[in-house]
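There are structures below to look over.
Paired with chain B in one complex and with chain C in the other, chain A is shared by the two complexes that follow.
Entry: the complex of A and B
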């Protein structure tokens, strides 16, 4: 098999990259996945999309991506519904320090045309009436943040990419990448040899391993983050409610269930994605403090998935400095789904040597070589 | 085939399906419990769950599917599946298959999803 470009990973990033390349006329694109589409982090994510970040790099990725989600069904000519719900994110400040950080964040977001604003406790309760007023001191709200269905969104990209001639290989594992005199020559999989000079690492939780196959040291690691979902009830909550200090995000999805997650303190690195009673207990305690009424609902299911963490909690989107033809989109630190449309655009621009839509130096792997990272994202659960 | 239709008809006419006579087991008469279902007075027996009382009375539709509003009946009968969720004494999402029937209960089919009260 010969591939002009081989994309490793058929999560949201891989399919978005495939679509944008194919849309620009690139032929013979192959997407390969060791399992099925959305089998990794995409199919396990909370699927919220927000623009309220503390760093410019993340704000810009998010804003452009949400603009894409808004029109995605039309752009991709998708007959089904991606279930895009744009009712905002309400982020709680739980102490004075967070309040001041959020004032700073909102100023940055507003400077980038993101319509976020700070709210008092009573203003926040006008938007989400069942919030416990004792649990927070102020909040920020951005009405254009939202939520969508990660399976449908990936399928929308997949269908569009297929129509443009992209080949998909599922249940096929990449074993090694052969490099001869500084150039990628072929990729050996569990089923065949693929001749190609271009590889895109969009392998989510396995980005570090797929980097090593080409001798590239990508400073990312995976860690398990857990989620639970409740029984469905009539709609009572529009926005995603989130708190960094309390370590929670909680959203009522369109069919009525509440979906919530938090990060596990001192989580060990690795590919474990199991569920724990410790998470269930801590999650229940946290949600009952902030949104007490949710304590009346039953939990129906819980699961885990991999965050691919980078040192500054911001993505790595660039060509490898020492290996031409090796492009990477990884280290999204739990936010690969919401940034995927821009990931697709930027990677296609890097590969086709087009002028970039955003300042891509912000996402280059070389930033970790500097003495210090300029900007570490703090707004992360 | 004809016998089958006769059987269906018989079930409709005799609107309860309780066992009264059995060659080995005894089924003594049990205390009657009064309750209402969708506003209509009904009778169950001590030891019934809400859903078993309704089933014996011939009410087979316990909820509706979320998207297509199709009838859902008895399914797991052990409190796992959610097929028998009803509003009981004005509280939503009660698992009627494992909730014992009590005197004076107000049992209602849920229109749409449940509500937090």
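Entry: the complex of A and C
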């Protein structure tokens, strides 16, 4: 098999990259995945989309991506429903320090035309009446943040990419990458050899390993993040409710169920994605404190997935400095679903040597070597 | 035969016709069907629909049902209210 461009990973990043390249007329694109579509983090995520970040790089990725999600069904000509719900994120400040950090964040977000604002406790409770007023001191709200169905969104890109001629290979693992005289020549999979000069590493939790296959050191690692879903009820909550210090995000999806997750303190690095009773207990305790009425709901299911963490909690989107033809989109640090449209656009621009839509130096792997990481994202769960 | 839609997943109101339509489109893994239709995601967690759906997949692919992978079973076995989980921790 010959591929003009081989994309490793059919999560939201891989399918978005495939679509944007194919849309610009690139032929013979192959997307390969070791399992079924959305088997990685994409099919396990909370699928919240927000612009309320503390760094410019993250704000810009999110803002432009949400503009795409808004029109995605039309742009991708998707017959099904991506279930895009744009009812905001309500982020709780639980002490004075967070309140001040959020004042600063909102100023940055507003300077980038993101319509977030700070709210008092009572203003926040006008938006989410079942919030416990004792649990927070103020909040920020951005009405254009939201949520969409990760399976349907991935499927929408997948179908559009297929119509444009992209080939998808499922249940096939990339084992190694052959480089001769500084050039990628072929990729060996569990089923065949693929001749190609261009590889895109969109392998999510395995980005570090897929880097090593080409001798590239990508400073990312994976860690398990757990999440659960409740039985569905009639709609009572519009926005995602989130708190960094209390360590929770909680969203009612259009189907009616509540999705909620939190990070495990001192989580070990690795590819474990199992479920724990410790998470269940901590999650139950946290949600009962902040959103007491939700405690009445039954948990239907819990699961885990990989966050692929970068040193500054911002993505790595670039061509490898020492290997032409090797591009990477990884290290999303728990927020790669919401960035995927821009990931697709930026990687296509890098490969086709087009002027970039955003300042791509912010996402380049070299930032970890050169100047410091002066801008580390703190607004993460 | 009955011409009315036949419900195959009672938790999420999914019909056998919807399953067959997606099989035709190439979604032939249980995990694919689950993600597109929500079969197996409801309160019963696939205990009612799983065997019937595996039979549909087997018939479509022309393989025996033992060769169709089951879907991932996850905790909890039955639904438990979050409050009850919190209360049990205190004890």
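Keep this in mind: the second predicted complex is superposed on the first by the 380 of 381 C-alpha atoms of A that agree within 3 Å, B and C clash if a C-alpha of one lies under 4 Å from a C-alpha of the other, contacts with A are read in each partner's own complex, and residues count from 1 in each chain.
Definition applied: contacts are C-beta pairs under 8 Å (C-beta built on N, C-alpha and C of every residue); 3 or more make two chains touch, one makes a residue touch a chain.
Just so it is clear, the structure is predicted and the values come from calculations on it, not from any experiment.
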{"item": "Which of chain B and chain C A:38 touches, first, second, both or neither", "value": "second"}
{"item": "First, second, both or neither for A:297, with chain B first and chain C second", "value": "both"}
{"item": "Touched partner set for A:344, first chain B, second chain C, both or neither", "value": "neither"}
{"item": "Partner chain(s) touched by A:146 [first = chain B, second = chain C, both, neither]", "value": "neither"}
{"item": "First, second, both or neither for A:325, with chain B first and chain C second", "value": "neither"}
{"item": "Partner chain(s) touched by A:11 [first = chain B, second = chain C, both, neither]", "value": "neither"}
{"item": "Touched partner set for A:231, first chain B, second chain C, both or neither", "value": "both"}
{"item": "Partner chain in contact with A:256 - chain B first, chain C second, else both or neither", "value": "first"}
{"item": "Which superposed partner A:48 touches (first chain B, second chain C, both, neither)", "value": "neither"}
{"item": "Comparing the two partners chain B and chain C, which touches a greater set of residues in chain A", "value": "C"}
{"item": "Common interface residues of chain A - those touching chain B in one complex and chain C in the other", "value": "231, 255, 296-298, 300"}
{"item": "Interfacial residue positions of chain A with respect to chain B in the complex", "value": "231-234, 236, 255-256, 293, 296-298, 300"}
{"item": "Touching residues (chain side chain B, partner chain A) in the complex", "value": "66, 82, 92-93, 112-116"}
{"item": "Complex interface listing, chain C residues touching chain A", "value": "29, 31-32, 35-36, 38, 41-43, 45, 74-76, 79-83, 85-86, 89"}
{"item": "Footprint of chain C on chain A - complex, ascending", "value": "36-39, 43, 151-152, 155, 229-231, 255, 275, 280-281, 283-285, 287-288, 294-303"}
